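First chain A sits with chain B, and in the next complex the same chain sits with chain C.
Presenting the complex of A and B:
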């Protein structure tokens, strides 16, 4: 089982990810509503996989990704965001995220993205 | 990189054979050379036997001559004989040991004091010679040994006898022994010589085989090289054909984001340049896409070279998925197109070595999609129009269309008319405005929102013109464009109407029948709809009560004229007369306002249209303030009770008590347009206002102007 943390300020999106993820493969260890909470929970629960919104209060997604990657460079971060600007998405990946999922997404889209993100951990 | 052994099997086998052959020839060479060197020792030693046999004979003869001389001279020769005997003994032993070694194999004294190992003689001639030599040697060896054992001093005579016997034997067999040793030597030399010639043969054969093998290897190698070159050439040719034919732009990018040496031909047309191979991707994009897109694309390609980023999960971030590019032309102009770039990783042994870039010109698709959007929007508008037409009163709709055509023709005439001064231009604008305003009111009354909003835009343009400090004929050209647009739109509704009419051709309320209506009664039910619409927008409730409409029958022209006047009166009453529901309640009135619209024929034959509302009446203070602001009156003027003067003010173009204009009122042109129409027909307007209790507008139109047909 891979430990998964969900970071999004929207209750609807958090619930959707919690509902849609593959429960045979992932165990949700924390859900955070902003960047500061995400960093605190990350140090507490050490998740291997994180889904990350970009626009959040306190510490935004980009800054949060950089901090999480500094704590654990091996963490797999999937950015889940409504793309207003591709440059922002690219910056998130440059800071340490490994994939990008565009909002709105279907439950299948999310499952497929998480599978693709963690494909190399199957062996 | 794994080596494909199958491909090189032929050459590997040939080289292995070559090495095996060389090793075999070398081993044989060593072995035979060794044997030859052993044989050379044997030949030497066999040659030595010849010498030894002669030396023994010489020693025997020397000793006898010394003995014979000593008998006659009486000298003591013991020491001389002992020395000779010793030398003879050494010679005899050496000969004997060597002969045995040649015969049976074993150690024999060597040439330089040591011992050498001899193999037993192998060839038949050698064996026969040795056998015969041994038979001759055996008695001689005994005789010579006996000499060694005899005491020279005591038994000199015996010694002499023995010596004579040995000499006699030696004389008899010495030459035979020499011949036999010669034979042995010759035979051994023959054996060695045959081995040497065998060695030469083997060497020649080996070298010949090696040369043949070398040629085979070379042939193999050259053939393989030629085949491989041919395959490479064919593959290169095919690749070139693909790159020359494919419609997509194809090229590779390395980690330094440099474009590879091979590019598809289509790229030259897409980018309008041929020097793409070897360029940096960044340079290719420079000047043809925005700086932001270029920077984002560079970062995106950087991500593609990072194995940790999942290719399938970053596709949405591709900034060049559909990008508009501007290709500079030789004449300084630009051609714009839409290109779609897609990127795929090229992997080798788990590493990303290149990014394959595929570029497709999607200009046609993008333009088509744009046209589709426009067509869809037009379709939706047509549908909305159809729905409006179906809901509208067909009679009124026909009237509206007729009025519109007539208004457009008038506007055209006004536009054609040359003005000579700014006031004339302003007058021209006012006349056009009055016509457009009527059109807007009628469209609004029929709920034709699209037409009323277009008319509103038309009005905006006229207002903008009027606000200019200078005006020329060219300034009115823009109005002609909007007019054409309005005409086209109106024609489209006409078209739609005739289609609907043909669809309803068998029904009693056929549009076609109604369109041909002449001399029917007026039906102003749409006025309630207009009043409701305007009042809803302004937070009011209004009821329009029409009376007398069934008492007069009018021709088409008269109907449309009266309709235009009624629309303006109702609009004015709702916008300026009737209060909001809350204001009415505060004033102790019922929330719903009432507009009474009456049409009546007077005794002199004139037609009278009366519009009476129970609103607030004319707001004298606001009218005076607005008139003062616009410089229409001086500060000293007192208009108390002077409705005629008040009417002059409110019918003035541009006069409004409102601060801002909207679709319903505020530009001050509505009543001006009303007066224009009435004046054109030679009619009059009278106003009567009661503060807080309402206003009454009485429009009188001469019968001649209306060509009225009185039915009842």
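Presenting the complex of A and C:
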């Protein structure tokens, strides 16, 4: 099982990701409502995979990605955001994200994105 | 605001509701409204816009629509807290998706949600807003765009 942390300031989105992820593959170890909480939970629970919103209070998603990647460069971060411009996607990847899922998304979209993100771990 | 820019937000509304189980969304004819009397339903999610454009984009909807929308999204908890969350998330998604065309300098805030009274929505009095009516199932909601180009 891979340890998964969900980061989003929306309860609806956190709940959707918790419901929709593949429970045979991922174990949710933490959910965080902003970047500051995410960093604290990351150090506490050591998730291998993180879903990350970008527009959040306190520490935003881009800054949070950089901080998490600095703590553990191996972490796999899937950005789940409504911000659809190319520049933001590139910036997130440069800071340490590994994939991008645009909101709104279906449960199948989420499962496919998480599978693609972690595909190499099956080898 | 140009017709092309307005279309970006109309497309955003349609895209959002395409992801619900009841993909039965109709967008009405957009119109200009005075900021002195902003349209407001039970809950309103407001996104502040800064950067190349200044103003706000908001999504306003009746309680019953939000409750059914949550059920359609598979969310079992239809509490008031989640209704407030959802109206903010819809506004955030529509505004965020607009950056595909408007770019990174279309900067959006985290959502602020107000309930009820239009007096709680402050819009620049010298401007007018575009109202995009949206009917999902039998419920009427609206996306309001108030932007200084």
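The working rule: the second predicted complex is superposed on the first by the 122 of 123 C-alpha atoms of A that agree within 3 Å, B and C clash if a C-alpha of one lies under 4 Å from a C-alpha of the other, contacts with A are read in each partner's own complex, and residues count from 1 in each chain.
One rule holds in what follows: contacts are C-beta pairs under 8 Å (C-beta built on N, C-alpha and C of every residue); 3 or more make two chains touch, one makes a residue touch a chain.
Just so you know, these numbers come straight off a predicted model, no measurement behind them.
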Partners on chain A (chain B, chain C) - clash or fit: fit
Once both complexes are placed on the shared chain, angle at chain A toward chain B and chain C, C-alpha, multiple of 10 degrees: 80
Partner chain(s) touched by A:107 [first = chain B, second = chain C, both, neither]: second
Touched partner set for A:11, first chain B, second chain C, both or neither: second
Partner chain in contact with A:99 - chain B first, chain C second, else both or neither: first
First, second, both or neither for A:117, with chain B first and chain C second: first
Contact breadth on chain A, by residue count: chain C or chain B: C
Touching partner for A:83 - first (chain B), second (chain C), both, neither: both
Smallest separation in angstrom, by C-alpha atoms, between chain B and chain C in the superposition: 8
Intersection of chain A interface sets (partners chain B, chain C): 83, 87, 102
Residues of chain C defined as touching chain A within the complex: 15-16, 18-19, 70, 73-75, 77, 81-82, 85-86, 88-89, 92-100, 102-104, 106, 108-110
In the complex, chain B residues that touch chain A: 292, 295-296, 299-300, 302-303, 308-310, 312-314, 316-319
Of chain A, residues touching chain B in the complex: 78, 83, 86-87, 89-91, 93-94, 98-102, 113, 116-117, 119
Contact footprint of chain C on chain A as seen in their complex: 9-13, 15-16, 19, 55-57, 81-85, 87-88, 102-107
